Amino acid sequence: MQKTITEQNLRALIDLLVKKGTRVVGPRRAGSITLYEPLASGGELILGELPRRSAKEAFFPLCENILSFEKTTEGVKVADVDPSQFPETVIVGARPCDAAAPGILDAVFSWDYKDKFYLERRRKTTIIGLACTSCDDACFCTSVGLSPADPRGSDLFLTPLEGGGYACEAVTEKGEKLLAEFPQLFTDAEAAKALPQAEPAGEKLDLARIKSWLDGNFENPLWAEISERCAGCGACAFVCPACHCFDIVDEGGETKGCRRKSWDACGFGKFTNHASGHNPRDAQPKRYRNRIMHKFKYYDDKFGKTLCTGCGRCIRACPVGIDIAAVLEEISKK
Amino acid sequence: MHAAHKNHDFEPKIAAFVCTWCTYAGADLAGTSRMQYPPNVRVLKFPCTGRIDPVFILRAFQKGADGVLVSGCHPGDCHYMAGNFHARRRFAAFRQLLDFVGVDLNRLQFSWVSAAEGGKWVEVVTGLTERVRSMGPMREFKELELEEQWSGKVDTPELQEAYEAIS
Amino acid sequence: MSRIGVFVCHCGENISRTVDVERVAQAAARLPGVAYATDYKYMCSDPGQSLLKKAIAEHNLDGVVVAACSPRMHEKTFRKAAEATGLNPFVCEMANIREHCSWVHEDREEATAKAIDIVKLMAARVRRNRRLAAITVPVTKRALVIGGGIAGIQAALDIADAGHEVVLVEREPSIGGHMAQLSETFPTLDCSQCIMTPKMVDVANHPKITLHTYSEIEEVGGYIGNFQVTVRKKARSVDMAKCTGCGVCMAKCPQKKIPNAFDKDMGTRPAIYVPFPQAVPNTPVIDRENCTYFKSGKCGVCAKVCGPCAVDYTQQDELVTEQIGAIVVATGFDLYSIEPKPADSPIQGYGEFGYGTIPDVIDGMTFERLASASGPTGGKILRPSDGKEPKEVVFIQCVGSRAREKGISYCSKICCMYTAKHTMLYKHKVHDGQAYVFFMDARTPGKNYDEFWRRAIEEEEAVYIRGMVSRLYQKGDKVVVMGSDISVGIQVEIEADLVVLATAVQARKGADTLAQKLGISYDKYNFYSEAHAKLKPVECATAGIYLAGACQGPKDIPDTVSQASAAAAKVMTLFAKDQLEREPIVARVNERFCAACFACKKVCPYGAVEEKEIRDRQGNLIRVVASVNPGVCGGCGTCQATCPSKSVELDGYTDEQVMAMIEAL
Amino acid sequence: MIDLAKKIEAPATIDITAYAGATEAIRAEAAKLLTEGAVAAVIGYIPGRRNGTAIPAIVTSPEKAQELIFSPACVNNLALYLTRAKKEVKGKGRLAVVAKGCDMRALAGLMGESQLKREDVVIIGVACAGVYGSGADRDAPLAEKNIARKCRECRVHAPEGADVVAGSLPPLPEFSPVEAEELARLEAMTPAARWAFWKEHFSRCIRCMACRSLCPFCYCEQCICDRNRPQAVEATPRPAGNMAWHIVRAMHLAGRCAGCAECERACPMDIPLNLLNRKMARELKELYGHEAGLEPKEKGPLNEYREDDDQSFIK
């Protein structure tokens, strides 16, 4: 026996969660695009589209305050942001490439320094993943070892069924809890046939081989060849589910303000700019090299994981057509 | 000339960016002539309107000004010959931009006030203050300042208080 | 900066009547960076200043805000006081709580609150004030005077008499300018040449004056106190060092039929010539365009007859570079002509006056040459067409001037007077002649000017007709003048023997080109612009350049001479110091971030922005950046507002200071 | 110039067979320049991995030049690679660049701003009937529904002032000017409605700076928005700073932007940034008769003035 849920009930689930005060985040229409955003009701959920940004911001916000300060005659008053105020969150409709990302990121956010902002949000979030039945020519999850039906990272995983509705697989305790909390929305049914999963075109890459090439090719003309065209924006990093660099700045006034943490990108020219004016990554190829090295070598060296889920967002977003899948393919042939 | 400004629910904050040679001197003349005008205006002195960057206007609104005045020498009177001519073009363009993003231009005034026009200074400041007062606070930028991306939002009582403080 | 002292002045009761000064001081003490705050009855008084100085020393203050009157009143006072304690004067600022607060508000609460805010703004600013050092620029004590008319001559003589070197550059082969062409001058009827030529000779003989005639300004670089000026000395074809001025060459030159421009083309001159007999220098030039030798290679008579062998056909233009500290521009004027103008010209000709095709319609300067004893007629008034003595002469004023429909709206200022003079000269020479003058109104403000004009009417019997002339045409040997007399409202028609037009004074042709070389501004008529119409009528906005005479606008001789002497005085003031000191409110470029778009250079009213090459040690060009010359920068800050990356900053008004003030709003 | 009669008769689908001719011509010219050593590199387009895409390429050998193409997928404004923001490319030596009419306007602007000398660049102009819009169907023929918004109102299909022109123009259909219409729609709104419109769009901004990075005129060594002392614009992607950034960006481009719309195309959040640029361009044309990029101009409209400029807004 397998739990299933109809689309109608999936939307009803969102309504019930929202009513209960849970923050429900899912693909939602935002202007002309779709983004993961808090849903006001189940009706807002967009199915069948990959949001333009990944779901990482539910744990790792685009920008958040980490403390506020105020200078008074008595001295400086500092108030930390209290992570206990972070809301309970359910992410609905996360694609496998998005659902898998937090599992990769947990390592870096809980390594030597425990990032309470990330970890607390992570603890409070349940992910309802959704298998993909279609893809485009930028998708390459299969190339990096994931698949359109991979439940990794999801707490509850939905697989679209022929004739509508979704098969529900509780992957974790959080997922089971959700099933248990709203039994009325889920039905036990004979397994209807799952819709065929999407088939990204790329061949599975030998990531170990890629890594070993990277190990020995910090200096290689390939870097310039690929990335001379790079314009140095942060679009790739900002849409990426796995990029996690951030900057910390103080903003506000002289007497009152906030310390804020916001996304940063290694493609930016000033990313490694020192106060002295010296910039160790003083040319775009060095910056692009870092992006690839970080994803397919450094992170692996440190945490044994690849910092890429093959969502293809960076390929779609890159205004100068830099195609990470093509880059990997080229390296894998070296 | 002197506006009775007691018992208003709302007292606007007016930032005035003025050049030192004409308008600042004009405001001095209003003083030496003991003319009266509402106390809402805060004067920032520049050598020339040519020095006034559109960013200052934007920043003033962001930092809580409800109205902004930019004032300098009449055309042809610029101490630096052409600073006000350059400023005139710059602000002609900038006000169109602000209008296009939805800033009500009634909050932004440009004027020429010479060193001899103490009376005009009073008129301009009084007029702008009263107009902005009747429009109420400049909510747009202040509200925006308090807004966060959904993912970074933490609803705290302090934030609620700040929101309520706008009007 | 973090130890600011705030001093709140009562100004007797001027401030304290409406502003609670104690409360302002108390509030100020709590401001960020403020280490000390107090209030005092009269801050500007001696005890007040002592209090300030004492507090600076006692509290080790590194910034000062004096909340008192307008900085326009006492900023200097307090900066001086602060400086006396060893503090940099530019970290002392005033918060204007009198003119901008106590005097304009009645409500004590409101005024006090505003005063606190004003102090807050200034304290925020002072925290970011930089310690600025006065800027000094060395001065080359050598003046350049451009133009050798009466203005240039006067300025050159004044400066040279003060003991400074002067380089005088004149475009024509001789100095003298328009004044040398005049017959007599109003309102005294002095002989122009009698008063002019001695001055010309003084110039030639002055040990401090270097004279470059037949020369033009090629290039001007540098800035106040430090200009480099390149002068093009056109090939004279006569060696000035050898020529004795004997004149044999001119006498023997076979080519003698060249119209003499000095005489308004009425007389002729040879191809090797001096423009007029009293020319300074008295060295001829060869007019290569009309010289047979230069045209055909044949002739060479002048070289053969020249005793000292001064004639040199191979001479080339020579470029001379002079180091100059100050420049006086005295390039004078041109006269408007009624001839047709190009289609795109904003200024029109006079078709209704025959566009200059009627031979007996002449301009005022031609009349001057006719009346001049040294002129082509030897001082007899004889009309150009047939050489007859005209018995009825019509003078028309305001031709081209005050004529908006012709494109010139200004008054040429001198025409009323010289027309009156012309009627007199005419009457003196043609006793039975009758002068008529068409005029809009007579403008005679000047010492003895109106008296002079009245004399023309009352004693010399010139008939003044108030009205305009609508048409001139030839009828037989007469010129018919059709006009109106608006005082009686009738049409007037005069059959004149000669018509003299008082044509407008215009800027010199090419005045704009010279202005661009000098980096000075000019108006739409190409007259040079003074820095301030009232208070800086002699200075250009470009520091170190001064104006004299009609290049700035129409002027008569007394005004021209006065302005020339004034310009000379300005130069002498500048030369009185070895170093030039100026307020350090100037722009500075952050070369590291300059993207070399040169928007700053495009908007700078002073031409203070230069392109600077940055080279490595081997001399290879790395990049080009903008650079502000502090000697030239006027301190307006337009560059900074224009610079997209704010890589140029105006000291004293940096973004950091301004943003801090906005923050404190 | 475009023959108007031809334009009206033309079909709603653009015949892009002419683009093949452009490709041939570009290859030939690039190979020639590289073989002769006239240039160190040719900046052009090569096909991307994905169907219907083309990407910028910096080609340094005649062999590689045979990969160059021109197609409706050649959306990038390659003038970007001639700016000081791309020092690595500029440092190669003398460059040739493939430029559509709209890209030529940016080149003219860069020349006016002392960023580029005409003699330092070989311009391979290309006759362009239009390119694909963002997110458009790249399999379908180039037509009304997939052509870029800017191309619908293009007046510079034929590049002028190039060293050579590759390809020829097919008949051009008349498209309705959607950007102009959108501009008119916004202008007809109340200020409050416009504020709401932009607030919604700008709140989506993530400050990836693609708009800045792709703009040929954002070549500053240090953007004022990267400065923190003083901070003129907040660096964090909060709604307040986003609004300020986009206002400052539009102001800094006013009178300079030549309308290539790369900012809008590059924006991963689909913010209609070119509307701001178009608005400013139109205002400056109306006020001062200025149009950016038609020819290299020594001074832009905001660094010159006339004494009789309009001042009806100054009281």
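Letters are used for the chains, namely A, B, C and D, taken in the order the chains are written, and counting of residues starts over at 1 for each.
One rule holds in what follows: a contact is a pair of C-beta atoms (placed from the backbone, for glycine too) under 8 Å apart; a residue touches a chain by one contact, two chains touch by 3 or more.
Please read these numbers as outputs of a predicted model, since none were measured by experiment.
Engineer: Among the other chains, which touch chain B and chain D together?
Structural biologist: A, C
Engineer: Check B-C against A-C and say which one is joined by more contacting C-beta pairs.
Structural biologist: More contacting C-beta pairs are found at B-C.
Engineer: At what distance in angstrom does the C-alpha mean of chain C lie from that of chain B?
Structural biologist: Roughly 38 Å, centre to centre.
Engineer: Give, as an integer number of Å, the spacing between the C-alpha centres of chain C and chain A.
Structural biologist: About 69 Å separates the centre of chain A from that of chain C.
Engineer: Rounded to a whole Å, what is the gap between the Cα centroids of chain A and chain B?
Structural biologist: Comparing mean C-alpha positions, chain B is 44 Å from chain A.
Engineer: Which positions in chain B are in touch with at least two other chains?
Structural biologist: If we look for residues of chain B contacting two or more partner chains, we find 54, 59, 63, 82, 86, 90, 148-149, 152.
Engineer: Among the residues of chain C, pick out those that touch two or more other chains and give their numbers.
Structural biologist: Residue numbers touching two or more other chains: 592, 603, 642, 655, 658-660, 663.
Engineer: Give me the residue numbers in chain A that touch at least two other chains, ranges are fine.
Structural biologist: 62-63, 253
Engineer: By the document's touch definition, which label belongs to this structure's chain graph: line, ring, star, complete, or other?
Structural biologist: Graph shape, chains as nodes and touching pairs as edges: complete.
Engineer: Give the list of chain D residues in touch with chain C in this complex.
Structural biologist: Touch residues, chain D against chain C: 84, 113-115, 219-224, 227, 229-232, 252, 298-300, 302-304, 307.
Engineer: Can you tell me which positions in chain A touch chain B when the two form their complex?
Structural biologist: Residue positions touching the partner: 37-38, 57-58, 61-65, 81-82, 85-86, 253.
Engineer: Where on chain B does chain C make contact in their complex?
Structural biologist: Listed in rising order, the residues are 2, 5-6, 13, 15, 20, 24-25, 27-28, 30-32, 34-37, 39, 42-48, 50-54, 56, 59-60, 63-65, 78-83, 86-87, 90, 122.
Engineer: What part of chain A is in contact with chain C in the complex they form?
Structural biologist: 71, 73, 253-255, 277
Engineer: Could you list, by residue number, the parts of chain C that touch chain B in their complex?
Structural biologist: Where chain C meets chain B, its residues are 70-72, 96, 98-101, 103-107, 110-111, 113-114, 117-118, 121, 521, 529, 531, 541, 585, 603, 605-606, 634-638, 640-642, 650, 652-653, 655, 658-659, 661-663, 665.
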